[in-house]
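Presented sequentially are two complexes of subunit A, the first with subunit B as partner and the second with subunit C.
So, the complex of A and B:
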């Protein structure tokens, strides 16, 4: 009996953490083939590379926990970058440029949330509305940039600092810690789970669902705006398609980390793990000299594996 | 009675609308050109389409440009609609070579004057097209020659390692550029491309990440960085700057972006290879104008290319 319990627990553990085992194996193999992989500077490289996706994914986690996706974050990243760099090139003070970027992200998020909450939209409606906003915001990014790549007139100062050295890592970690505390330690976080689990029940129990839902998209939009500012500071430029695909990368980080794709529960820590796993995988495959074509195959397989393990793990528990 | 009246009104409106539509096609207004642009939002597309619009205006054409989203099926639908709508000429900018045969065959059957711009059509139909485009293979060879020139100036008789970042996997542009570079470098075994294919999809951020990883892997073995466009150059440049490798490592790229001009002038970029979207866009309208008038044109009008060094920047337009 005890033996069976141990076996069952071991299986549960493997199914719950299968992705982590796979990535640890990849780390060991890569480290043996290329010792430079274990260099401190490379670890920082990975964290820097995932920082923007990580920031955006933190906001996406909140939306997914509420039972909906936000497909507009990629376009918010693009639009924020374009307006921030244009403001910077016009000689606007750094702090104002950053606030413009964050404000645009927040405003876009509030519009998303208001549209979805006002029609009492579920995951399907949210999917379509945020997809529509993705197209609209992507088009808005094209107007001021005229579709062109814009190089930033970046000098030493607050804006440059945001993407310089390890600052993107610090910003990412600060966002993750604050959001994790909010989700796990406050009433707001508990309400998020209630609404994600059963919106109708939450409404009947007296929760103010609409303002809460607007706030989830506002957080997602704000963090996408922050991601856009960090991104354009990091590459000292912007282009209207810079954020293309960020929504899918963010969703991938949330799911690969082990968060439920259907909402009602979740943790920022898992999202951070998901972002790190994807980042390490890309870095390891780059360092192993594996062509991008194969890398994309591995990345796709990893996402499918994560979802499959999540489903198996849930079935076993139930 | 009300229903009959409503039906009659609807009928009258339909007939009026149809008559309006018909009169526009048959009227003696300005001739109309339709363009299906595969890369509507790409940095290269913006000046190209602006040049098409400007040249059309100069020649007295109305122009409508639509986003083909690099989707062969969508572009086929777009050109079919344009033919049905009675456009006088069509500019077709395909997303990739492989998807071109159905569009090319349809356009040739339609009898509407048309031309192919920028992306080369598939080999199976290339002889059936009028083309305005760079010779992508030639651009690759020009890049290869610049690499050799850099090598001979800086590492004569020694070995030289290159970190090479490519554009988009599967696009004819990326494939032909790499083919051209490899053809030139085949005679120089001392020059070695260190990495296997690394595609950054013309994205500066991805290019920066790839460059950071290559610095970790190859370190001081990288003597030169080679990028397929200005955006990727920006990303690679930032990674080299962060790793304090600027100055110890040369950079060569293709493109006429403003960042390329700036870094050529500052001496941080060794050289670039020209591919001017403004010239290409303008040339395409000139060629189509001749086709509409029934005049003879060359099968392939080449967009000029060649090396750009620091001292040449004033001879080129930048975007």
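So, the complex of A and C:
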């Protein structure tokens, strides 16, 4: 009996963390073939690369926990980048440019949330509404730049600092730590779980469901705005399609990290792990000289596997 | 019991020595049911008597712990609903098994598309049409089921059963959601089924219907058969005695405290088409029962008072002060709690644990410096789990894993934790076992003794009559009458409720 219990527990553990094992294996293999993979400079490089996606994914975690996806974040990243760089080039002070970027993200998020909460939308409606917003905001990003790449007139100062060196990593980690504490410790985080699991029961227990739901999209939009600002600072320019696919990368980080794709629970720590793991994997595949096409195939497969394992482990538990 | 000269083996259906145990409960204890061919056989009993369990065994949903089933003398081995259907047994449940977005024809032949690779819809449509016409109706089989009335949906279910060539059709409280007019339309259909040689097992609480419709009656109580008779040979009182058996005052703990001053006064509350001029008082320490049929506006009233679906006009006066309740948060702030009728959908957050489901109504109480303190939650959770005798291995157990009765206790506990002064309980004992029911009744008495006021909405008349100090009867979104003392009896309530 004892032995069997241990076996089934081990199986549970593998099912809920299967992807991590697979990737750890990949990392070890890569490390053996190419020891430079483990160099500190390489790891820092990976972290810099993932930081924008990580910031966006933290916001996405909140939305997914509430039971809905936010597909508009990629367009928000593009849009904030464009407007931040335009304001910068117009000679606006750094701090104002940054606030414009964050404000645009926040506003877009509030619009998302208000649209969804006011019709009492479920995951299906949220999916369509945020997809619509993705298209609209993506188009707005194209207008001022006429669809073109704009080089930023970047000078020493606050704006430049945000994307400089390891600063994106620090911003990402700060966001992750704050959000993790909010989610796991505060009433706000508990309400998020109630609403994500059963919106109707939350309402019938006297919770303010609508304002809470709006705030989830506001956080997601704000962090996408922050991601956009960091990104354009890092590359000292704006590209109106820079954020293309960011929503999917963010969802991938959340899910591969082991968060439930259907909401109700979750943790930023897992999302951070997911983002790091995907980053390291791309890096490892790069080092091994595997072409982008194959890399994408592997990434897509990972996401499907993550969801499948999540469902299997849930079934095993019940 | 079939005509005297008919022998045993002529029963169309026999269920012999059926016993069914669930963990900790004997749901059916050595039950024998014999049904004569071509009859309408009534199966009566209170909620929880075991009727539904017995029928689920007959339908292959549950397997009996022991016992045998014979159909036309052949022993059946039912592994699932498909086996029962193949043998010729169909059940029409209270909640229909229809898909609202599909058409009548699609629903009738759902999952049975003549076994070919492509579906010949014109053939199926013609057959569906024939079935509906054979029942004496002629609505289009292309109508989407969601647009049909309840009575018509019932008809689609019957057509579905006929399309399966059922020999025995079980109807579980078929008239519970029908209007009086629909019932008049519905009965000839059942009689027609009988004339066509189909055997009907008719589950109902309503004795009138049984005398109008049925040939034989079997009475159940507490998982046992307590009586078997031809309907013409048994009186109403005899049936009731067999149903209830033990005296009613055993089932409901005695109310001891006297209601005090008025705590809630509702004046001319209206909302759209579902609430009209609702006026009543609620007193401290009182249990106010609200009776009425499904759709009478009882839940709507509860949701208006609590703020889930606010009233459009009228006043709610709480302890002499007029209050405005526009949201559930307003309801809560005014110390009103609502134990919803559907604990799974709106009462509880099932994937979360017992503790989290209790503290959901007031996290402020367990929050220090912005942090929700799990240690303090634990203290409260343990207190209420003990006080309400919630059977759970731990307060960290997920609600999904608790039985219905224990879930209901947690749904109630969250409002006790909030310390609501006015508790609205919508169907507080629906679908829970007798023991848990009694616990909840005792708790209601304790609460009112402490000065809380309770509004109890219930479709179980004995419960309303057994527990309430006063009863309001609703019909069509209006209060039809207020009953106290001697007037508080089943006949008066039903008269007002049906109207």
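Everything that follows uses one rule, which is that the second predicted complex is superposed on the first by the 318 of 318 C-alpha atoms of A that agree within 3 Å, B and C clash if a C-alpha of one lies under 4 Å from a C-alpha of the other, contacts with A are read in each partner's own complex, and residues count from 1 in each chain.
One rule holds in what follows: contacts are C-beta pairs under 8 Å (C-beta built on N, C-alpha and C of every residue); 3 or more make two chains touch, one makes a residue touch a chain.
The structure presented is a predicted model; accordingly, all values stated were derived computationally and were not measured.
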> Fit or clash for subunit B plus subunit C once both are placed on subunit A?
Replying inline: fit
> Which holds for A:241: it touches subunit B only (first), subunit C only (second), both, or neither?
Replying inline: first
> Which partner does A:49 contact after superposing on A: first (subunit B), second (subunit C), both, neither?
Replying inline: first
>> Touch test for A:207: subunit B only (first), subunit C only (second), both, or neither?
In response: second
> Who does A:190 touch here: subunit B (first), subunit C (second), both, or neither?
Replying inline: second
>> Taking CA centres after the superposition, what's the angle at subunit A between the directions to subunit B and subunit C, given in steps of 10 degrees?
In response: 120
>> Per the contact definition in the header, classify A:166: touching subunit B only (first), subunit C only (second), both, or neither.
In response: neither
>> Looking at A:118 after the superposition, I want to know if it touches subunit B, subunit C, both of them or none. Which is it: first, second, both, neither?
In response: neither
>> I want to verify one number: the closest Cα approach of subunit B to subunit C after the superposition, in Å.
In response: 26
> What is the shared patch of subunit A, the residues that subunit B and subunit C both contact?
Replying inline: none
> What does subunit B use to touch subunit A in their complex?
Replying inline: 40-43, 45-47, 50, 169, 195-199, 203-205, 208-210, 212-214, 216-217, 219, 230-231, 234-235, 238, 242, 257-259, 262, 319
> Quick one: in the complex, what on subunit A touches subunit B?
Replying inline: 34, 36-37, 39, 41-42, 45, 48-49, 52, 138, 142, 146-149, 151, 165, 231, 234-237, 239-242, 244, 282-283, 286-287, 289-293
>> With touch defined as at the start, can you tell me which subunit C residues reach subunit A in the complex?
In response: 306, 308, 327-329, 331-333, 338, 340, 345-352, 356, 360-361, 363-364, 367, 370-372, 400-401, 414
> In their shared complex, at which residues does subunit A touch subunit C?
Replying inline: 185-187, 189-191, 193-194, 197-198, 200-208, 264-265, 318
